[in-house]
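Listed below are the structures to be examined.
Here come two complexes built around chain A, the first alongside chain B, the second alongside chain C.
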Partner chain A sequence: MATTTAKLNISSADLTPGMALNIDPPAMTMYQTGTTTGLELLDMGAGKLTQATGADALAEALGTADTTNYVYICNKSTDIQQYIKIGIHDTLIGHLGSEEWLFIPWNMGDAVAEINIEAEDSGTIPYEYAIFKSTFTLPAKT
Partner chain B sequence: MATTTASITINSDITSNPITITKEMVMHKFQSNIGIEETTGLQAKKFAATTAVVIVENTEGTAAKASKVYIRNTGSSTENFFYVALNASAAAAATTETIGRLYGGDWMLFPWAATAATSHDITVAPNTDEAMTLEFMVFQE
Partner chain C sequence: MATINTSLTLSSGDLLTSNLAFSVASTLTTAGTATTGLSKTTGLARTNFTNDPLQSKLLYRSDDALTNGSNKVYLKNLSIIAAEFFTIYIDQEEMGRLYAGDFAFFPWTATAGVKETFVLTVGGTWVVGETLEFDGILTTAASTNTSGIAAQVNGDHYPNWTTTVSGAVVTFTARNSVDAGTVVTATADWVIVQTGGSDATAVVSSAAMGTATSSDIMIKPSVVTTMDLEHMLFHE
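And then the complex of A and B:
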């Protein structure tokens, strides 16, 4: 059984004056849906995304719907004007700025709950991602 | 200007060559090098029903900006979880648009566009009426 953990720390000495911030929870272990068995499926890569008029699917919901999966995405651009729109299907989640990352659970709620990304506001943005999955179904041969 | 940093370390031996992902980011305002200067503060809320609840209203952020949201299920259950969603009043498996399940000990940190509509409220719904606690914090722009 594989073991996958994710550790977070958020800190600031001056966001809340007189009260230093230090959020430092224990590392979480990523399990398969509703079990204590570690995840065993991984999709990891890097790419370059060019500004266009629409979003591209980083990952289709090609697994069992409503399961436990986790997504890490990092905008590798150092240009502060360049950001990535992150969405699930038609819903915009947020803007991932240069050198920023996100980490979210992803339940693949239905067949159209794809993770999509779109480069803004110009040029080409390098990115990295890792998706840790409970289930995955290969797309049908064309 | 405040400086807030968030670091992540992921370790996995799913592949035959173990991987480590380590990344630190400074939370900046949208298209800027200026650090985020406002926050809701760290909040904790206990739930004991499966009713969906809005924990962050869209008005707590600004549309088309770069707020960040931290949420963590402080429990330890691998069976009980919160659905986390962006929508007005519900957070079930296939509701538009559920993001995912947050089990005991799980956390998430994500950028939040805070589009000025209830479609961008952050809503959670426990899958059980057993007591569970969520802690969350919005880094606002």
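And then the complex of A and C:
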């Protein structure tokens, strides 16, 4: 088994007066569903997303339902007007601004739970991503 | 404006043949700006989930943040029992399961709905001491003047409504966006207790139905025994 960790830090000296913020939890190890066995499936890459009229699927829900999976996405654009819409199927989660990142759990609960991304508001946005999975089913050959 | 720095490091020495090690960092700013930091927050909080039967909790309402703003959500499951998890929902869509010790950090559009509104006109002839009741709040007329009574209504604090007043007309706006179906607030929802044969009235007009938000964040624990969630919202 592999040991893969994610370490988060959120800090601010001036968000709340008189109380500096420092969220600095211990690194979390990414385990297979409900166990202490490390995840061993990884899909990662980088690409460029061009503004279009609709979203594209970054990852299809091809794993087993109700399992542990984690998604990291980073908008690598330095243009502050460029953001990426992040969604799960028909639900918009949020706008990932330039140089921002996200890290979320993802339940590939059913076939309509794909992670989708859409570039806004114009041009081409470079991005990188990593998806850590408990299980994965390769698509059937065509 | 505040300066909020975030960073994430993903690493593994044995997942791949080559070490996996990369880090990202960003400073949270308002949408479309490079230097204006987010300055609003709910504060860092810890919420306990102990309920039987299992029920979800509404963690953040879309009404609490700016729609399409550069809002960010931090969540962490404080459980130390590996099998315990929180399920995160955005509206009705399940995002994923946050197992013991796991955290999440993500942007949030906070897509707002529409808040129901209605207009109440205080009219007729009032007698001091007559009452009108709505939303659990009882107002006792301190004068016979309709504008004065409207001002009293406006001065009350309704659990589910905010108000503004102009003369004898009070405009009510729901505190939260809710889809009430086909039912809107009507005159009959106001209870007037008259004395002395007066013809006091409080008439609702111009009621406009609300619509539900579409990205409230709801959290459901996996067990009925106690589980704690640490969370924080940074928002515009």
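Structure notes:
Operating definition for what follows: the second predicted complex is superposed on the first by the 142 of 142 C-alpha atoms of A that agree within 3 Å, B and C clash if a C-alpha of one lies under 4 Å from a C-alpha of the other, contacts with A are read in each partner's own complex, and residues count from 1 in each chain.
As a convention for this text, a contact is a pair of C-beta atoms (placed from the backbone, for glycine too) under 8 Å apart; a residue touches a chain by one contact, two chains touch by 3 or more.
Everything numeric in this text was worked out from a predicted model, so none of it was measured.
After superposition on chain A, the partners chain B and chain C are seen to clash.
In the superposition on chain A, A:Thr53 contacts neither chain B nor chain C. Once the two complexes are laid over each other on the shared chain, residue contacts for A:Thr142 go to neither chain B nor chain C.
In the superposition on chain A, A:Ala65 makes contact with chain B only, not with chain C.
Superposed model on chain A: among 127-135, 181-189 or 217-225, the stretch of chain C in collision with chain B is 217-225, the rest showing no clash. Residues 2-16, 21, 23, 25-29, 31, 33-36, 38-40, 42, 66, 68-70, 72, 74, 80-81, 83, 86, 88-97, 99-107, 109, 113, 130 of chain A contact both chain B in one complex and chain C in the other.
Taken in their complex, chain C has these residues touching chain A: 2-16, 20, 24, 26, 28-29, 31-34, 39, 41, 43-44, 68, 70-72, 74, 76, 82-83, 85, 87-88, 90-99, 101-109, 111, 214-215, 232, 234. Interface of chain A with chain C (complex): residues 2-16, 21, 23, 25-29, 31, 33-36, 38-40, 42, 66, 68-70, 72, 74, 80-81, 83, 86, 88-97, 99-107, 109, 113, 130.
Residue ranges on chain A touching chain B, taken from their complex, read 2-16, 21, 23, 25-29, 31, 33-36, 38-42, 44, 65-66, 68-70, 72, 74, 80-81, 83, 86, 88-97, 99-107, 109-110, 113, 130, 132. Of all residues in chain B, only 2-15, 19, 21, 23, 25-28, 30-33, 35-37, 39, 41-42, 64-68, 70, 72, 78-79, 83-84, 86, 93-103, 105-113, 115, 119-120, 137, 139 touch chain A in the complex they form.
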